[in-house]
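In the two complexes below, chain A is the common chain; its partner is chain B in one and chain C in the other.
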Partner chain A sequence: MISPLFDVRDVTLRFGGVVSLNKVNLHQSRGEILAIIGPNGAGKTSLFNSLTGVYAPQEGAIVFTNSRGKAISIIGKKPFRVSAAGVARTFQASRMFNAMTTFENVKIGAESHRGLGVVGAMFKGPGTRRDEHRSDIRTKELLEFVGLTQQANAIASTLNYGARRRLEIARGLATAPDVLLLDEPAAGTNPTEKLELVELIRKVRDEMGVSILLIEHDMKLVMSLAERLYVLNFGSVIAEGTPAEIRSNPSVIEAYLGSVDTGVAQEARDA
Partner chain B sequence: MSYFSSHFTTLGHEFWGLLVGGIANGIIYAMVAIGYTMVYGVLRLINFAHSEIFMSGAFASFFLMKVLVGNSTPNAFESVVYLIVGILAGGIVGAVMAVGLERVAYRPLRRRHAPKLAYLISAIGASYFIYNFVGKEFGRINLSIDSPFINNTVFTIFGAAVQTYYIVIFVVGLIMLVSLERLVATSKLGRGIRAVAQDAETASLMGVNIDRTIAVTFMLGGFLGGVAGFLYSIPIGVVYTMGFTPALKAFSAAVLGGIGNLRGAVLGGLLLGIVESFSVAFVNGAYIDVVAFAVLVLVLMFRPTGILGERLGRSA
Partner chain C sequence: MKDLWQNPRVKRIGAIMLIAVLVTVMTGPEGNGAEPTAGFTGSFAAQASFFGIFTVQRWIVFSLLTLIVVGAIALAKFVHRSWNDRAHRGGSDASAMSTRTPLRRRLDMKSSRYVFYVIVLVLAIFLPHVITDNSWQTQIVQQILVYILLAIGLNVVTGFAGLLDLGFVAFYAIGAYTTAWVTGALPTPPPFHMQFNTFFAIPFAIALAMLCGVLIGLPTLRLRGDYLAIVTLGFGEIIYLFANNLFGITGGATGTREIPFLSIHLGSLKYLWGLNPVPYYYLTLGFVVLFLIIFSSLEHSRVGRAWVAIREDEIAAESLGINPLKYKVMAFAIGAASAGFAGVITASQTLFVTPPTFTLQFSINILVLVIFGGMGSIIGVVLGGLFIQIFVVYLEHSPPSGYNSQDLYMYLGALLVVMMIFRPAGLFPSRRRRREIDQIEAGTAPDAVLTDVGPHNRVQEEMS
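Let's turn to the complex of A and B:
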């Protein structure tokens, strides 16, 4: 049986008079690798921000169902609560804590859901030490999973693009989420790194059971990775379907041809 | 020729004495500067009401000392107990004031995404309110504190007397500054503070509770500020306006060392304390404040981001 993960119904998000999302409907099942594509300014990142509690849409409903089958309404929740509910995300532009080590970057996520530890920070009791130990183990596992064990003690700002992308994914996984939202995970990577990323993202789903929702401009990557796609244009969903269906959908081709991004449309058909 | 040579002779005679006094003052500045720098680190704003946190801590411990010490001459054991009580009272009242201030004067503005200027006005308003309230309640006169210990000369270093008061400042100050540095560098709480300082939005998306982290940052800075108020008031007593000048200097110290930088705040505080102390050998004591701010201006002319530069994240 297919169990639901995200259920987005008639979501409208406005900034003053500008409609950023217009009655968006989206459904994702648990375990699915889903992609959102669309020209620049189509509302993809706004949708991500709405799903993670950064923006609160004025209309509609966003229901997230966690691994215990509990339905949680996202709209109006603060980002750290959405994160605690099981939704993690990475950023388009890498948003690491640049002054910290790779290890610390991941550890923050691994330990964040057990309170702030004000008392523990001052008096390092056995409970605090056990928590620290647990977070350390989890962090090590994640770094190994994404292949960054060697760079654990490197300052994050010294990592190359491919490694940064991996670190972003490890950080996303650190909070033990049900779903990982990836905002252009392949931006700035070279073709080899791209292939490795596709593999890593599949591995995240297959071995950790974490569902994937991604935004990506690289058509080749999207078409080979996603099982289903939604196409956004001017804040509205204009198409939905499998990669094969999307490739032959006339309104998608028009949306891309109508925009400056003709190269993307070409790629979409070729891919 | 004679002007400088005679003053250098004074400096030579009193070098160690001035150094010890300067370091003691510097530690107090550093403890207050930490409060400015940590809040700046997470919120990018200067908490100009921090002077009142310092003053409140001093007042709280003053009233406790009045009750505890009374007219008695405390023995060594009693002195230690009184000091611990004074430190806790100053620190806790400072922390509560700081958290309360954040709640009342800053958080509502943060909720409404107010411009930075609004925080400044809010801080000045809160500061005026608090010190005038204290002035009205406890009188606008200097109240002297009953010393919780006898200020003996404990030992001499190259002929300079080191008194109990200085020892207390060194011990208390060093314990607190080192503990705070360790806490920020190695604990989960510290990682949270550094994460919020570097990128609050990302930290939140990774599950860090921003409001709580900010409140705790105020709490830690308030605790140190309150204890500093207590230590500062021991020889000179308390008065409702006592926070203004030391806090302004501590703020300068934080900027001098690199605002947002923990070690910078300590370095700036110590430097300012020592420069002030040595300036006494060269100019009239009345010029101390002039010298302090002249040094600030000079350093900032050559290093606008302070000696160690910005960033709470990097420093820790």
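Let's turn to the complex of A and C:
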């Protein structure tokens, strides 16, 4: 039986008079690699922000079902609570903690869901030491998983784009999520890095059992990676289906041809 | 010759000399109608004897002083760099991954640091036997230890969590007035109508200061940056006005009644702190050490890392499950604790508490110590506090001729300007803070580095 993960029903998000998302419906099953595509300004990142609690849509419902089968309503929850529920994300413009090392960046993710523990932190009790040790091990594992062991002690701002993306993925995974939301993971990476990234994302799903929801402009990458796609345009879902279905969908082609990104439609057909 | 003037160092020293000349003119005698240029010409005359040791022309004195400061900064730079280089090779946060570092060197590094701390502590313990002058000893407690306590507390708020707090004096005031309240020195009756043993003022003051930190923090810490600074400024003023105007509760502008000295009466254990400043010195020193240990273990804990994460990128931190408000309020409360304790010491040693102590000026003085020493670096803040407060105490204790107390801020201001030119991150900045400032200066803060040409070398440098 396919268990649900995200269930987005009739979500509408407005900023004053501007409608950013218009009655969006989206469904993701556990273990699925799902992609959202669409021209610039279609509302992809707004949808992401709604799914992670950054924005609170005025209408509709977003229900997230965690690994224990508990349904959690996302709307109105703060981002840190959404994260605690099991949703991790990366950002379009990568947001690392630049002055920290790669290791510390990931470690912060690994330990963020424990309680406050101020008293323990003040006096370094045995419990705190054990926690630290566990976070260190987890961080090491994750850095190895994404292939950043060599750069563990490098300052985050000195990493190149590909490494930054992998770092963000590791940091997200450190929070032990059910689903990882990737906002344009391939932006700014070169072709080799892109291939490695596709491999890594597949590995995240296959080996860690973390579902993937991604936004991406690179059609080749999306078509080869995603199992199902949603196409957004002007805040509405205009198409949904497998890569093959999307490629031949006339309304998708029209949406792309009608926008500035004419090249993308061409790419979509070529891919 | 022209090349020489293009050299940034020469430019900087030139600028500093200019400041020195300006200070010379400003500290000169007042002019009058009969001799309108007396102020100017007098300012260059040889009559001033700064620190009582120089009888040469004032402008030479100031120029020499600035050069000494520049030299001190260069020395600090050198010491700090060699210290950090060693720290980096075997640093604590790298220890988890650095398999290449020989264990022995790491141990060496750690133990040499501890040896340094122990030496400083032993020196501090023997200090009252070296400086036996009573008024100096009092000044050391009131002007140096108390200020260091306040500075390390503010460092938690401003340095670790990155929250600009301009009303930090409020928590100090709360500590001082709580002491007065608990010991029955206020017009309001003490808690439960029983006059507490003075020593109990310490937990009371710390708890109340922390509570106020939480109460003021919860609504205001949702704000960011400048807005927070303004609100905390307002909070500081509110507490000052409460102290000054609520005659029936705080004693108003005339201050409190006499506050007894600290004392312990627990069973057979009886001790009374008296006029002698030495016991106060040891008590305060003990608490300074305690707070230093607590704050530095906080810095290197999960909590400390969460603070850095929030400081650097709140949105990213929140997406990782860190509740920013909770951690910010915590920083506020923890910082307030040390200020509350400092308030107890001041209140019980100076015997009276009056509102004019707790003005905005005081908050800013503490902030200067934090900025001067290096935000976010505990050792830096302690050294910066020592440096500036010794200077301040010296000026108060043996003022040079023609010195009046307002001049102090002119000197401190000039000192800060020099600091900002040569070491914008402070005297002994924390490694992270320095990186943040470097990144801002180099324009490589988020997203500016698109290629890996330049930074790559730095990676190798850091790794080797």
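Simple rule for what comes next: the second predicted complex is superposed on the first by the 271 of 271 C-alpha atoms of A that agree within 3 Å, B and C clash if a C-alpha of one lies under 4 Å from a C-alpha of the other, contacts with A are read in each partner's own complex, and residues count from 1 in each chain.
Note that in this section contacts are C-beta pairs under 8 Å (C-beta built on N, C-alpha and C of every residue); 3 or more make two chains touch, one makes a residue touch a chain.
Note that the structure is a prediction, hence the values are computed from the model and not measured.
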{"item": "Clash or fit, chain B versus chain C on superposed chain A", "value": "clash"}
{"item": "Which superposed partner A:175 touches (first chain B, second chain C, both, neither)", "value": "both"}
{"item": "Partner chain(s) touched by A:108 [first = chain B, second = chain C, both, neither]", "value": "both"}
{"item": "First, second, both or neither for A:145, with chain B first and chain C second", "value": "neither"}
{"item": "First, second, both or neither for A:256, with chain B first and chain C second", "value": "neither"}
{"item": "Residues of chain A at both interfaces, chain B in one complex, chain C in the other", "value": "52, 54, 78-80, 83-84, 88-89, 91, 95-100, 104, 107-109, 111-113, 116-118, 120-122, 124, 128, 131-132, 135, 171, 174-175"}
{"item": "Contact footprint of chain C on chain A as seen in their complex", "value": "52, 54, 78-80, 83-84, 88-89, 91, 93-101, 103-104, 107-109, 111-114, 116-118, 120-124, 128, 131-132, 135-136, 139-140, 149, 151-155, 157-161, 171-172, 174-175, 188"}
{"item": "Chain A-facing residues of chain C, complex", "value": "93-94, 96-98, 294, 297-298, 301-306, 308-309, 312-313, 315-324, 326, 330, 334, 432-433, 435-436, 439, 444-447, 449-452, 455-456, 458-459, 462-463"}
{"item": "Of all residues in chain A, those that touch chain B in their complex", "value": "52, 54, 78-80, 83-84, 88-89, 91, 95-100, 104, 107-109, 111-113, 116-118, 120-122, 124, 128, 131-132, 135, 171, 174-175"}
{"item": "Complex interface listing, chain B residues touching chain A", "value": "179, 183, 187-192, 194-195, 198-199, 201-210, 212-213, 216, 219, 311, 313-314"}
